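One structure, pasted below without further comment.
Chain naming follows the written order as A, B and C, and within any one chain the residues start at number 1.
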Amino acid sequence: MSSVAVFSKASPFDALQRWLPKLVLAPSMFIVLVGFYGYILWTFVLSFTNSTFLPTYKFVGLAQYARLFDNDRWWVASKNLAVFGGMFIGISMVVGVLLAVFLDQRIRREGFIRTIYLYPMALSMIVTGTAWKWLLNPGMGLDKLLRDWGWEGFRLDWLIDPDRVVYCLVIAAVWQASGFIMAMFLAGLRGVDQSIIRAAQIDGASMPKIYWKVVLPSLRPVFFSAVMILAHIAIKSFDLVAAMTAGGPGYSSDLPAMFMYSFTFSRGQMGMGSASAILMLGAILAILVPYLYSELRAKRND
Amino acid sequence: MATLELRNVNKTYGAGLPDTLKNIELSIKEGEFLILVGPSGCGKSTLMNCIAGLENITGGAIMIGDQDVSGMSPKDRDIAMVFQSYALYPTMSVRENIEFGLKIRKMNQADIDAEVARVAKLLQIEHLLNRKPGQLSGGQQQRVAMGRALARRPKIYLFDEPLSNLDAKLRVEMRTEMKLMHQRLKTTTVYVTHDQIEAMTLGDKVAVMKDGIIQQFGTPKQIYNDPANLFVASFIGSPPMNFIPLRLQRKDGRLVALLDSGQARCELPMSMNDAGLEDREVILGLRPEQIVLASGDTAGLPTLRAEVQVTEPTGPDTLVFVTLNESKVCCRLAPDIAPAVGETLTLQFDPAKVLLFDAKTGERLGVLAPSQPVENMGNVTRLNRN
Amino acid sequence: MTSLANKPALSLSRVAIYAVLIVAVFIYLVPLVVMLLTSFKSPEDIGSGNLLSWPTEVTAIGWIKAWATVKGYFWNSFLITVPAVLISTTIGALNGYVLSMWRFRGSQLFFGLLLFGCFLPFQTVLLPASFTLGKMGLASTTTGLVFVHVVYGLAFTTLFFRNYYVSIPDALVKAARLDGAGFFTIFRRIILPMSTPIIMVCLIWQFTQIWNDFLFGVVFSSGDSQPITVALNNLVNTSTGVKEYNVDMAAAMIAGLPTLLVYVVAGKYFVRGLTAGAVKG
């Protein structure tokens, strides 16, 4: 019924034009497929081999995972991640939200204050770790400062206390990231319709109540994004541990990222290191997938 | 300038998906002004993009002049387009905006300068040439967008809802200006709009579209007086045509429509006498201006008393709403008539102008011929020739 | 009138708010102040005073020693960061341009695959990447690090530009095509001149990320090719000899200064990048 037109008049220039977008994207596509997904697959394969200092492809099934789960150090690292991640996320969120809400009250010199809160985010975790390692130095750091200031009984030796060293990591990480959470929430608060607040005021609600019941709930997406990012930072945390404690004392402040690095590159346990990397990926996916799912569903409902 | 012909154009975005454009057949002569009108999602913008070459068609052919341009890239089709958002290059001045296409086509600078000067003068934007689009008002941006299109002197101009981002007053001004410009330049133009007033006022030809199908293609007059179906009848005209669902009956050997205002009844004799229409669900269509107040000189036409429910004086007219057969019916009466709510008016209809549509399919039914000669209505041309 | 009546209570709570905010300012500033103070003290001074005590004698010896130690690595970091930032931003801009304005079948899928790269824990690609760099003869070179940073920076740079470009109306590209402009002409003449803000965001984000990187640096470089972060870590965590905290702190300041400077100069773009990259990522 419909005659099919013959498109024959495309010149070579036009043909090139038509292919250009694909050509431009092609290198990146290659990089993503190989450098991201291919390499993940490769690591995945390695985790089933008994590779040590060099990759070998003798498959040992789940043996590396079994070894990993038998490894006390891995469990310490995992437990530390739970404690570190939980506290880091929780405290950063509370501090960030609180500062954002306070800063949203038409504060004088707001820009300056914001700049101060956020500058740690510009620093490397190595710099942060170095600074806090010094601050938390038992005997010379804050420990001594507060005693000098008259708090005679003050002791702060967490950095060498295997049971508390992980809190040192939390302190430094919160110092670095909470300003960022503040910035995210402040941006969110600036986007909240002011008429909602006015309507609630007319209804007679107090400001704390308005924030708690009306404003913050409307920032749910920011909340999820923030948790997402903090969790991501926590799981990948490597440099902070390296700079502050190098996993010590002993391996009491190990995190999975540190574990992976030292088993893969220092101890020649490539197979087990790969297995630990795959488990880290699993942890990220466990957080990411539900998040993306809810994001996509929300978008579809728009 | 050139003719434009669309031969059985089809467009789908993939097998299994509904056709975006279906068997589009159109042709306009050199210098004609074609309007594509329809509700959003009807395919009119897609059709325009296909003409421009911004989207490929999946069947049929697009002819500009004698040339099949279906497979050509946009730049080779010699077409200029004015976009709804104007699409002015924000980092370029007005002059650079107009020059851009000419420079890419490697025109020499002296000719470019001359062309910019001509267009700027034509559109009275000379004083804006060194400004950036962000510094212009909506109306000025609109002019620059038109200037950019005019500068290339292409074979065909495409306008994609160019006035819809303007405020109401400016829109009416620009509408007139565009019409003036077209009368002067005689450019072949395709103009997409969802505004039926723009469609009626600007077009030499109008194509009313819905669901990717051309519902009717004709002059504005044909579209208005002689709509092909219920959709066209309802889409064109403001206030819209009144629709009264009813069942035709046979009385004294002729088909009649029984109208009931609650206060009185009247029989509207139908012009056709088709046996198939008897006792059938139809929709009777009547434009608001075709309901008049009964007066002496139109004696002989059916009359009906009805109670006024709402009046809306618009200035040039008074819109009076009454109820006929449980449908709200709008009558467009002279402005000096200001009936109070609850008052009873005697209304009069010309059965010859009543349109009938199939209640199920919406198709026009029958062809109306005057059931009785109405000499005193000679100012209305009848175009019922389907 | 009611606002007047509320005034006293309001100002009390406002005082509390200001108090919290100002205390927080001090807490955030303490590590920086301590670093600065310590870096200008002599080792004896550090031993006798405390974190916030003023140096009895301001000395730059810590800075001089630190600079002598990390100088080479500091330039390494520039050698790695500058090309990596420029290349990854350029590719990101082109990718974003295609993904927003020249979509084709499969391009959205690619974008989805790429997005995941923003969350990729790099531990899962370290080994294969080091094998590859070895094969390419780039192991332990700054070029190798440039390469790695470009590859794993693409996800973010593409995301930045793609999200910026989707808000530019399609009609602009259509108009330019009708004007006869091709793929690169449109990019260079129309899109790029509109991109200054996002280019700034992307440059600053990438600069901060790459300058501050430690993981890639420690895995893919050794000896003379190491970036400043690795050198700093080596300096601070060596167990041999007497700890010179003034040198440590000066070195940390040296490592942190370039990004701090960028932050102070172009903080607006830095914050925008953080929130854009993060929220959408």
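Going forward, a contact is a pair of C-beta atoms (placed from the backbone, for glycine too) under 8 Å apart; a residue touches a chain by one contact, two chains touch by 3 or more.
The shown structure was predicted, so the numbers you read here are calculated from the model rather than taken from an experiment.
Enquirer: Taking each chain's centre as the mean of its CA atoms, which one is farthest from the centre of subunit C?
Expert: B
Enquirer: Name the chain pair with more contacting C-beta pairs, choosing from A-C and B-C.
Expert: Looking at contacts between chains, A-C has the larger number.
Enquirer: Distance from the CA centroid of subunit B to that of subunit C, rounded to the nearest Å?
Expert: That pair's centroid distance is 57 Å.
Enquirer: Approximately how many whole Å separate the CA-defined centres of subunit A and subunit C?
Expert: 15
Enquirer: Of all the residues in subunit A, which ones touch at least 2 other chains?
Expert: In subunit A, residues 17 touch at least two other chains, as defined above.
Enquirer: Considering subunit B alone, which of its residues make contact with at least two other chains?
Expert: Residue numbers touching two or more other chains: 73.
Enquirer: In subunit C, which residues are in touch with two or more of the other chains?
Expert: As it turns out, subunit C has no residue touching two or more other chains.
Enquirer: Okay, in this complex, where on subunit A does subunit C touch?
Expert: Checking each residue of subunit A against subunit C gives 13, 17, 20-22, 24-25, 27-29, 31-33, 35-40, 42-43, 46, 55, 98-99, 102-103, 105, 107, 113, 115-128, 130-135, 140-142, 144-145, 148, 175, 179-180, 183-184, 187, 207, 222, 225, 229, 232, 235-236, 238-239, 242-243, 246, 257, 260-261, 264-265, 270, 273-274, 276-278, 280-281, 284, 288.
Enquirer: Any idea which subunit B residues touch subunit C in the complex?
Expert: 49, 52, 54, 73-75, 79-81, 83-87, 89-92, 100-101, 104-105, 148, 152, 160
Enquirer: Per the contact definition, I'd like the list of subunit C residues that touch subunit A in the complex.
Expert: Counting only subunit C, the residues touching subunit A are 13-14, 17-18, 20-21, 24-25, 27-32, 34-35, 38, 46-47, 50-53, 91, 94-95, 97-99, 102, 104, 107, 110, 113-114, 116-117, 119-129, 131, 151-152, 154-155, 158, 182-184, 208, 211-215, 218-219, 229, 232-233, 236-237, 245, 248-249, 251-252, 255-256, 259-260, 262-264, 267, 270-271, 274-275, 278-279, 281.
Enquirer: Where on subunit C is subunit B touching in the complex?
Expert: 169, 171-172, 174-181, 185, 189-190, 193-194
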